[in-house]
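Consider the two complexes below, in which chain A is the common component and chain B and chain C are the respective partners.
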Partner chain A sequence: MARITLSNLAHSYVKDPQNDKDYALRELNHEWEDGAAYALLGPSGCGKSTLLNIISGIVTPSHGRILFDETDVTFADTTDRNIAQVFQFPVVYDTMTVQQNLEFPLKNRGKDAKYIAQRVASIARSIQVEDILHKKAQGLSADQKQKISLGRGMVREDVNAILFDEPLTVIDPHMKWELRTQLKALHKELKHTMIFVTHDQTEALTFADKVVVMNVGEVVQIGTPQELFEKPAHTFVGYFIGSPGMNIIDVEITGKEATLLDAKLELNQSYSNLKGKLELGIRPEFMTLCEEGCGIKIEIIRIEDVAHHKIVRARYDNKDINIIVEEDVIITKTMNNMTFDMDKVNIYENSWLVEGEKL
Partner chain B sequence: MSLELQNISMSVDGSMHIYNTNLTLKKGTMNVLLGRTSSGKTSLMRIMAGLDVPTSGKILWEGKDVTGMKVQNRKIAMVYQQFINYPSMTVYENIAAPLRLMKKSEDFIDKAVRKTAALMRMTDMLHKKPLELSGGQQQRCALARSLVKGSGLVLLDEPLANLDYKLREELRAEIPKLFEESGAIFVYATTEPEEALLLGGNVATLWEGKITQFGETAEVYHNPNNATTAKVFSNPSMNFLNIEKKEGFIYFSNSNKVPARDIFLKLEDGKYLAGFRPNHLELKAKSDSSLHFDTHLSVTEITGSETFLHLSYDNENWIGLVHGVHDLEYGSNLSLYLDLRHIFIFQKDGDLLQTASYVTNR
Partner chain C sequence: MKKTVNQKAWFLVLPVLLLVGFSAVIPLMTVVNYSIQDTFGNNEFFPVGLEWFEEILHSERIHDALGRQILFTSIIMAIEIPLGIYIALQMPKGGVWASVCLVLISLPLLIPWNVVGTIWQIFARTDIGLLGHTLATLGIDYNYSQDILSAWVTIIIMDVWHWTSLVVLLCYAGLQSIPSAYYQAAKIDQASRWNVFRYIELPKMMGVLLIAALLRFMDSFMIYTEPMVLTGGGPGNATTFLSIDLVKMAIGQFDLGPAAAFSLMYFLVILLVSWVFFTVMSNIDKQEG
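So, the complex of A and B:
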């Protein structure tokens, strides 16, 4: 297991990059702590796969260096980096049994038979495949095959890191719960450095100690799930994390007074020297729908009953507004005002979070 | 206009893929087929489309028997998980393709393409090639092609499965609006309960080749008439617990029993299955009558605003969903509470006996 350091790392697929647009991955400095679980989260084309491929050695970065502990591995082959990888689609040997598949990485490294038997038994128990160990992989379902792939990725204790490239994409929702739990339990037990690439916010947030959010080749924020949820550093993070994402409302600010289209609010912080485009961000979870006259009037478009809560779809100042209401709240026709939990209001200047002064 | 499946069944090489199924879908409705992989969603759609002939039973379209009629001779459109477009043609020509096959006039084609493109919000992309578009736009192009010929039946087989999470969220919200105007019958297959809820309309829950319930989507979610439907239509799954009523007591496990009151009063002595949703487990009792469980916590998952608890209780695996961020130690014991209003009671064979009272008072 190792700490992974990215030093002035950047990558362009273009030979002679001229500007930011030419970079699939813009310059980045980051340390991945030994033994932590990270998620790389972002939409397709955001650069997350490029970053993962640089760490695994499939891609050599055009700029900067990558270190495993103190060793520079920038130009090292994948095989020399001593990492395990799990991909989107299961990679198993159909003609081998489940047991043989799980043994394979250990046999390749010439481990002794007693150790192999013990490791395979332990992994098989963790991923709950003990009852099919002697079955050929051929007849297994996609879910089961992906389980074996995960098990094989984790069977070696001496790897520097385990990289997961969207490993749950092809898995049914009910099975995702099971596999995620097993991954978490295994991480807790083995303390491998894990990096998990996904476009699915739920997967990223539930799996990782820290989530790295990327957009158009750039790391926008690195933080715990709670930090990303409560203090998104950029309106993109506010939009991308959460379902529905953060509401963004145009605002003007003087000191601690925020002026919306037709309402004024007193903020918990005071702001000065704000320039550029100002926006107020508030999550649907931190808003309340209330009776006429209690807050700011909105136009209700429709109410969706979504499992354990309701989503109120509304419009204000030409923008979509979403409000989450608990399942046991009865919404009446006269409830067409919104209020905010002022502790959870964030202010953005040219899309980036700005902190004011606490009063 | 309606599509009617009468006593349809399908077996392939002696194994049953679809058990005896009756289903009537009406004009202008969105119908979601919800079930896990290999529950029979695609088999059912292929039968509806006429791509496969059922082993027994009849398919009626507007009252006429169309069983075994070739798909080419019926006005049907199908959209698959992998979005299929012609890469060398513009978006305009991609949408126009089915009409060109039907040898429609240039004037007719132009009107139809522009109308459909406007509906799909693709007007300013008509001159582009599919590969210049984002994944979501490519799938919208495929959807536009399925709508342009005015099909009476549009079959969508997990059309958003290959798209990014956020794009899926946007298209899910758009699809019901886009399709409302067309008046066709839509059938939409998905493995995801949230998707079914967001699409609205009607839902048929499938389990191992059988439709376990069909009805208005929110109604089926809140009022499942059997334990299988409740399991299929919940994510994370509804939690279950074996209970027994005996001599005025309810037994939850060997060590846990409470006097039978409230919802348990009317039950006859015997064994039952109790079900409740993950979000109804609570860290603090809300009322004096709440049930108390000493569970074992294996793992927690934190989403930023909520915490998922992975639990075991008396050999059952449960999932709890609580508000806020809770850092709890893995492998510890955890006391949880459940309000009686939130308990569904099923017969041992799975049929619903008593719906949870919070649903009735909703």
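So, the complex of A and C:
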């Protein structure tokens, strides 16, 4: 197990990169703590696979260094990095039995038979494949195969990190939940550093201690699920995380007074020296719908009833607004005003979060 | 659900029956017909029962031809299958060179059999052929029209040159279908090159390899044109394989009865071996599944 340090790391697939656009991964400094569970979250093509491939050694970064503890592994081969990886599609050795699959990495490293038997037995118990140990891997279902490829990684006690590249893509929905829960339990039990790449926010938020959100080759925020929810550092995070995402409204600010299209709000913080495009972000969860005259008037488009609550789809200042309303609230025709929980309002300058002075 | 019975539906099968009848069954039946009759000319035939079959089964000449045939097929398969796999593994995985290799390797497959025979017939001649003349100049005692070993070596090299490409192409296709994640996983597990071949490449190639082996068995067991053009079955009978012998018997000696019995048994042997081969291989597949 090891702490992984990325220092001034950047990567471009172009030979001679000119500007930011040429970079698949823009300059990045980050330390992955030993034994923590991380999720790398972002839409397709945001650079998260590139980052994972740099850590696993498939890709050599064009700039910067990567360290496992104090050792520089920037140019080290995958074989020498002592990492494990679970791929998008299950990778098992078809002609071997489950047991032989689990033994394989240890045998190749020349461990003795007694140790191998004991490790395999313990891992088989952890990933719950004891009853199929003597079956050929070929005939197993996708989720069992995925468990085996995970087991092959964990069977090595000294593995530096386990990398997951969207490992639940081919798993049936009802098994996804189970596998994720097992993964979480395994992490608690074995304390491996785990990095989990996904574009599914539910997966990321339920699995990880810390989520790294990426967009167009850039890390936009690293934080706990709660931080991402309450204090998105960038409007992209606000929008990408949450269902529906954060509402973004154009705003003018002087001191602690915010001016919307046709209303003024008093903020909890005071801002000065704000330049550029200003936006106010508020999550649908922290808004309320109320009777005419109590807040800001909006145009309601439709109301959707989802399992535990209602989503009010509305328009304000030419922008879509979503408000989450408890399922027992009866929405009348005259309820066409919105109000904000002012503690939960965030202000963005050129899409990045700005903190004001507390009053 | 109740099924309707309509006997007219049999008419729908009729075109297929006719087609198969004319293309396979009727020609085969004429051979069967010859195999149980004898003639003294004038187009008068009389039945002889299974006499020809007994004669063929006990014929030393046929035994020898069968022996040569089995030896030939075993040798070329033992060379072409491993060599084909090896070449496929060494070929570039992509890019311009992959295409160049593919085109170059496919070339021998596009040449007609009798042309292949002619090419080697001239190439290996000691008076004007590049190969034969060079060997003769080097002082090596080589002459495929007089020396049995030379003839065999030439025919085997010719077949390897002509058909290894087929094995290469099939194996290459099999290799190309392996996702890169497998190789990555093998690296992570610190698998040796041999283990990568043994546990990833070979299992993934098994399907196409089975087809390659089956095709090479059938083709080589029926080989006629190339050795016929190159050596004409000689020196003596040294390279007279089953089909060459069959043609000699049927057309050279005009022994229609024995030749027909021989054809039928030849056909059944190939059918039987192919069937056993296929069944065994697909059973192995199932056990693994």
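What to note about this one:
One rule holds for everything that comes next: the second predicted complex is superposed on the first by the 359 of 359 C-alpha atoms of A that agree within 3 Å, B and C clash if a C-alpha of one lies under 4 Å from a C-alpha of the other, contacts with A are read in each partner's own complex, and residues count from 1 in each chain.
To be clear about the criterion, contacts are C-beta pairs under 8 Å (C-beta built on N, C-alpha and C of every residue); 3 or more make two chains touch, one makes a residue touch a chain.
Fair warning: this is a prediction, and the values are worked out from it, not measured in the lab.
Judged by the number of chain A residues each one touches, B leads among chain B and chain C. Contacts of A:T202 after superposition on the shared chain: chain B is touched, whereas chain C is not.
After overlaying the two complexes on the shared chain, residue contacts for A:G276 are found with neither chain B nor chain C. Contact with chain C, but none with chain B, is seen for A:F104 once the two complexes are overlaid on the shared chain. With both structures placed on the common chain, the touch criterion links A:Q226 to chain B but leaves chain C unconnected. When the shared chain is aligned, chain C comes close enough to touch A:M96, but chain B does not.
Of the two partner chains placed by the overlay, only chain C lies in contact with A:T78; chain B stays clear of it.
Looking at the shared chain after the overlay, A:K188 reaches chain B, while chain C stays out of its contact range.
Looking at chain A, you'll find no residue that touches chain B in one structure and chain C in the other. Taken together, the chain B residues at the contact with chain A in this complex read 36-38, 134-135, 164-167, 169, 173, 191-194, 197-198, 200, 218, 221, 234-237, 277, 279, 298-299, 301-305, 308, 310, 319, 321, 325, 330, 358. Those residues of chain A that touch chain B in the shared complex are 43-44, 141-143, 172-174, 177, 180-181, 184-185, 188, 199-202, 205-207, 225-226, 228-230, 239-245, 283, 285, 304-308, 313, 328. Within the complex formed with chain A, the chain C residues making contact are 179, 181-182, 184-185, 187-192, 195, 199-200, 203-204, 287-289. Against chain C, in their complex, chain A makes its touches with residues 56, 58, 77-79, 83-85, 87-89, 91, 93-96, 104-105, 108-109, 136, 138-139, 149, 152-153.
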